[in-house]
Structure formats: structure tokens, C-alpha cells
Amino acid sequence: MDDVFSNFDLVLKAFALTIELLVVSALTSLVLGTLLAAFRVGPISVLAKAGTLYVNLVRNTPLLMIFIFVFIAMPELELNIENFFVKGCLALTVYTSAFVCEAIRSGINSVSLGQAEASRAVGFTFVQSMRHVILPQALRAVVPPLASVLIALAKNTSVAAAFGLLEATARMRYFTNNNADARPEIFITFAIGYIIIVEVLSAGAIGLERRWKVAR
Amino acid sequence: MRFKRTKALLVAAGLTLAVAACGEAGTGGSESVDVEVTENAAENFEDGTRMKELAESGEITIGVKYDQPGIGFKSAASDTPEGIDPEMGKILAASLGIAPEDITWKETISDNREPFLQSGEVDLVIASYSITDERRQIVGQAGPYYVTGQQLLVKKGSDIKSVDDIKGQEVCSVTGSTSLDNVEAKGANPRGFDTYSECRDQVLNGTVEAMTTDGAILLGYAAEDPEELEVVGEPFSEERYGVGYSKDYPEMCQWISDTLQESYDNGKWAEAFEATLGKSGVETPEPPALDPCKA
Amino acid sequence: MNKWFGDLHVLQDINLSIKQGEVVVVIGPSGSGKSTLCRAINRLETINDGHISLDGQPLPEEGKQLAQLRAEVGMVFQSFNLFAHKTILENVTLGPIRVRKQKKEDAERRAKELLDRVGVGQQANKYPAQLSGGQQQRVAIARALAMDPKVMLFDEPTSALDPEMIKEVLDVMVDLAERGMTMVVVTHEMGFARTAANRVVFMAEGQIVEENTPEEFFTNPQSDRAKDFLGKILKH
């Protein structure tokens, strides 16, 4: 345990990388997932089918497989990306965006059809109707499922430990390997780190929900 | 709920994959040393010792690595692991009157060596298990039976010629290993992977510049792929491989040391080396001096 | 034009033309296709064959041009469909600002005028859920008017309202008719048909059965179906 506390800067650095992976992947997943959801509910049938195919393909594939594809298979196919961090975010985004898509799509479906009809009757295009009428209302319904998607993402960043990224779980394994006598304590220390991250996410979600409820 | 289930699946898939990945790099062709199994071995040990119990039961469980060519490696096609570690295991078992085919082999990874010993899941750990003071706090380690050092495996013609060239370079090894800690301290970007073969693949496809771990393991990979890979530089650490046993049975230390010394003297140790690590072309070294057992 | 829902032929050979400034009231028993007709006029329902023209221009099938033409057609729904996350004022200004690209101040000034005209100017900063049904429907009319439409479609605008609120909405519609707005109104309000309509269209089972002036239609219906229908509703 002394090893952990005397090297606490390494622990913090590792959690910083975990948080960077989380934040960057969350942002890209939200953008890609929203786009996919728009494809799936939109009027262009090719895009709707492509969106459905993507979601079904990715949601039914284990995250570890996607990591192996990005880190092990893609270099074989001459599609290598040099930067490890970018590769990690890519794998996490590919996976998480499918879940974001489904969370947002369920939110869109919770907005009554009349809202879409009214916005079309006013003369909005599909994109305008999505942006000004449907999505702002869908987002309220989407906060709880989206929060659980992001919480899952926070924990899923740990898969990167086995792919060259020295984030919290990887750092934990260095400490447990070198300090076999204090493994439970080291494990608890790192688990607390994850719990703090997840609690912050949950608190943020609850805050957003409250604020939007009042606004309505 | 869905996510919890996904996670559980991931872990399961990960384990399967990790095991599957180990099977990829086969060394092929099993050469093994003939050991002389002591008859009526139980009579050689005092009542109440763990050795006597094992000799009387005629069974022993030994933890070895399955993914390190030359050291401890099991290909998908073969039933038993090969390498210098299993050879040492056979020599130790023979002194208890246990024939090689009666040994139960169990795969250990770096993280579970101590728990396996503490819980009695295995009787001995012979798994490229470096002797350290931290480890000796919680388990017994006798030996060393082999001394190696951390080196670098690179693509042939790489700019990296020694450990002095790794500053700012991507260097991979197994996540959580001491080797990776050491290169991080020397200014390299540490890249941990789940298995050595995944790490080797990253060197082959040029994603990382070098792989690092004990020279003995690297020699095994270089021997597999001599056209593309080479081991460079002098060893920059000393790793002394020992035999792990449970602290509940301190009497095992002297028995292990005596049996190892005997194999040094009668040439069995040299035979074991030549049949395994020696195949990569290195000369057979002098056997290392054994640490004394505490009374 | 024709429309099928699966095997059901909901609109059968409908041929209807409406002159500028005309107020056409569509009546008929439920399931007669009158609502579908109203929604088909601005393509909220697709049609299987036939065409719809506005001002001599055919309504395009999809995309931006359709959106532009829809902006010329105001629509008032049975269930109001105000944008739930916007204030009353924003409901009325959203279209002019986003579709007509008006300046925010101009759109707000005009929206306040319209809200005053329909009698809900005091409620401008509230949200739809805080208003009564009658107030919401008047806001919906103001929202449609803000786009300066060439024609207004009313799809059973009073059917979801409590009786005491029906009049306040009908008053607004009568006022609109008197100002010369072109209107197509699907309704069960016979009183409104009598006072405000130029023409009554009677539909049954997906067909236009009878067209006439309200005076003629209510006093002297030609078809048996219309007689039967009027007999049922006028007895009470």
C-alpha cells in the first residue's frame, strides 16, 4: 500500500487518462449516436437501413472484439492508426454510439406524433423539425437512459488496459503485480476512483433532469 | 441490467480469447528430458512433511505459464506444456516418486501465482517467477534455477540498438508487468497488452518499436521468426527465476534446493536447458548459485 | 385523387377545387374520410394517385420544396399540437423566424398582435400545458396565421374541447372567414357551417356525396345519405 501512496501521482495520471478516454469517447459517441438516431427515424430509407444495420451489428458484438479489431486486425489490413489514444477512443465510440442511438431513438419515439406533424405543417424540413421541436423534447426523456450508457462507457474504458493504454485498470495491475501482499487494498483504492467518476456522472444526470423538469 | 450482462460476457470472451491467443505461437516438436523417477520415495522424507504427503499420494499440481515459448508454453495441439519450467517441475516431481504423466499442470498468469499458492490450488509455481523480497513476504521462493535479464525485441534493422535508445519510443509488454515499469522509468511510452503474442504482433506490424521482457522469453520469439525479429542490447535488469511454494510448508525449501543442486551435478539441468531455451542457439550457461534456505 | 389504407379505399375519386376566399366546410359521419382528405391536402397523408395544386402549382412529393409549400398552408389540429417545450410566444414565432427568416423583433411584434386578436395576449410567456384547451387552440390558430398562409385547414378544431370553450374558438374562426381567409374546415359544428361557410361538402364512405350552399344543403338535402345524417344530428 505504501507503494501506491508514495506513487500517488501515477494513480492520478492513470485516472486522468481514464477520464480523457471517457470524455472524448462520450462526445464523439453522442454526436455519432444522434446522427444514427436521426438516420433511423428519418425519411431516407437507405440511411434508415444503414443505421439499423450498424446498431444491430455493433450492439451484438462484444466490446473486446471491437478493441481487437481496431488494435490487432486493422493494422493487418493496412488501416493502422498510429496514436493509441485515438485508437482507444475509436473502439469505444464505435461501440457506445450504437447504445446512444437507441437511447435517443427511444426518446424521439416518446415525443407524440402530433409534434412532428405540427412542425411539418408549419413548414419545417426534417432537419429543422428534429432540431427545434423533436430533439429538445426527446432529450428530457433521454437523460436517464443516456446516463446509464455513459456510466457503462466510464467502466468500459477499462478494456483499454489490455491494449497499450496506461489508464486506471492497467495501473492497478502494475501495483497488484508488484505488491502481492496488498492486492485487496489496491483494488479497493482503484474501485473508489471509478465509483467517484460514476457518482459524478449520476449527479450530473439527476441535476439535468431536475432543471428540465422545472423548465416545463 | 443489459450492461451488466454485457460486461460479464466481455470478461468471459476475454478469458477465452486470452487462452486462444496463447495457442498461436507454437514452437512445435516436443523434446523432453528423461527423468529418473525415484522408487519408494516416501521413505526418504520425514513424517509430517509436505513432501511425504505428496510422495504418498503420488500426485502433484504444478502451475506454469502457457504462453512463453522456451519457458512455459502449451500449444493448442499438445496436452502438456513445454519449456524449462515444466522440465524443472518434472525433475522435482521425480524426486517424490511421481512420474511426468502423473503431474497435473495448471496454467498460471502473473496475477494469480500467489493466490494459487495461498489457496493450495497448486503445490508449486514454476512460471518465470522472479524472486523478489515483496513476494517472499507472502510465499516461499526457492532457487534460482535460472537467471535472465530484461532485454528488447525489435524488428531487424530497427534504430533501437540498446536500452539507451528507447526514450520517447513505444515499447510493449504484458499489462502490469515489472518489465513495463522498468522501461517507463527509462522514458519509454509503456504499452501493455494482454498476452506476449499480441505484443509481438504489435512489433511485427510496426505499431510499437520494441517489445520488452526477460531475454529468455524474447529469445523464444526471435527463434520463431529469425527473418524479421532480433533481440538487441545487454540485459538491463536481473531476473532470478525461483520455484514458488506455500509458506505453510517451509520444509519444502530445502528439498527444492537439494533437488535442484542434484540436477546441476548430474547434468539433468543442462539437458533441460538444451532441450528448451538452448534451441534458440544460446550457449548453455553455468547453473546459478542457489539462495540458502532460512532455517 | 385516391388513397388506400391497405385494402380500404379511404378516398375515392375525390375531385375538389376551392376558390380564393372561399370557406368550405366538410361534414359527414365519422370514418367518412373527411379528416384524411383535410390532412392529404398538405400531404401529412400520402395519396396513391392524383394531384394537388396550390395557386396553380402542384404540391411536390417530398423534401425542401414540400416544406416551403406547407408553409403556405396553415393547419389547425384536433389536439392542438402546440410545441410543448416552447412558450406561447415562441410557438407563434418559431415558424416565421426559422422558415420565413424574419427578424426576431418583427416576428415577436406580429405574434403579439395575433395573440391579442385571438384573445390570449396575456398568456404569451406561459407554456402550453398551463393553458385551457380553448386557449391552446386559439394559440394554434395564431401560430398558423403567423405564417401568412394562403389557405387554412382545420381538422375538427373543436372536437377535443369542453362545450363552454367551443364558442371562443368558433368566434375566432368566424372572424377569420369574414376577413376573407380561404378555409377548409372539417367539423361537426353545423352552426358554424350555416353562418360562415360558402359551400358545404358532404362526405360518406370515402366519396363526396353532395356539394351545395349551406342554405340549400340544410333545408333541402338531395341524397338519402345526407338526409339520414342530418336527421340524426338535428333531432337533438
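By written order: A, B and C. Residues from 1 in each chain.
Heads up, the rule we're going with is that contacts are C-beta pairs under 8 Å (C-beta built on N, C-alpha and C of every residue); 3 or more make two chains touch, one makes a residue touch a chain.
All of these numbers come straight from a predicted model, not from anything done at the bench.
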In terms of CA centres, which chain lies closest to the overall middle? A
On a CA-centroid basis, which chain has its centre farthest from chain B's? C
How big is the gap, in whole Å, between where the Cα atoms of chain A centre and where those of chain C centre? 45
Expressed in whole Å, how far the mean CA point of chain A lies from that of chain B is 38
Here the gap between chain B and chain C, centre to centre from mean Cα coordinates and rounded to Å, is 82
Mind pulling the residue numbers of chain B that touch at least two other chains? none
In the complex of these two chains, what residues of chain A are touching chain B? 62-65, 68, 71-72, 75-76, 80, 82, 84, 148, 151-152, 155-156, 159, 161-166, 170, 173-174, 176-181
Show me the residue ranges of chain C that touch chain A in the complex, using the header's touch definition. 42, 44, 62-64, 67-68, 70-75, 77, 79, 81-85, 94-95, 98-99, 127, 129, 140, 143-144, 147
Residue ranges of chain A in contact with chain C within the complex: 43, 112, 114-115, 117-125, 128, 132-133, 136-137, 140, 215-216
With touch defined as at the start, can you tell me which chain B residues reach chain A in the complex? 3, 6-7, 9-10, 13-14, 17, 110-111, 113-114, 134-135, 137-139, 170, 172, 175-178, 180-181, 184, 190-194, 198, 201-202, 205-208
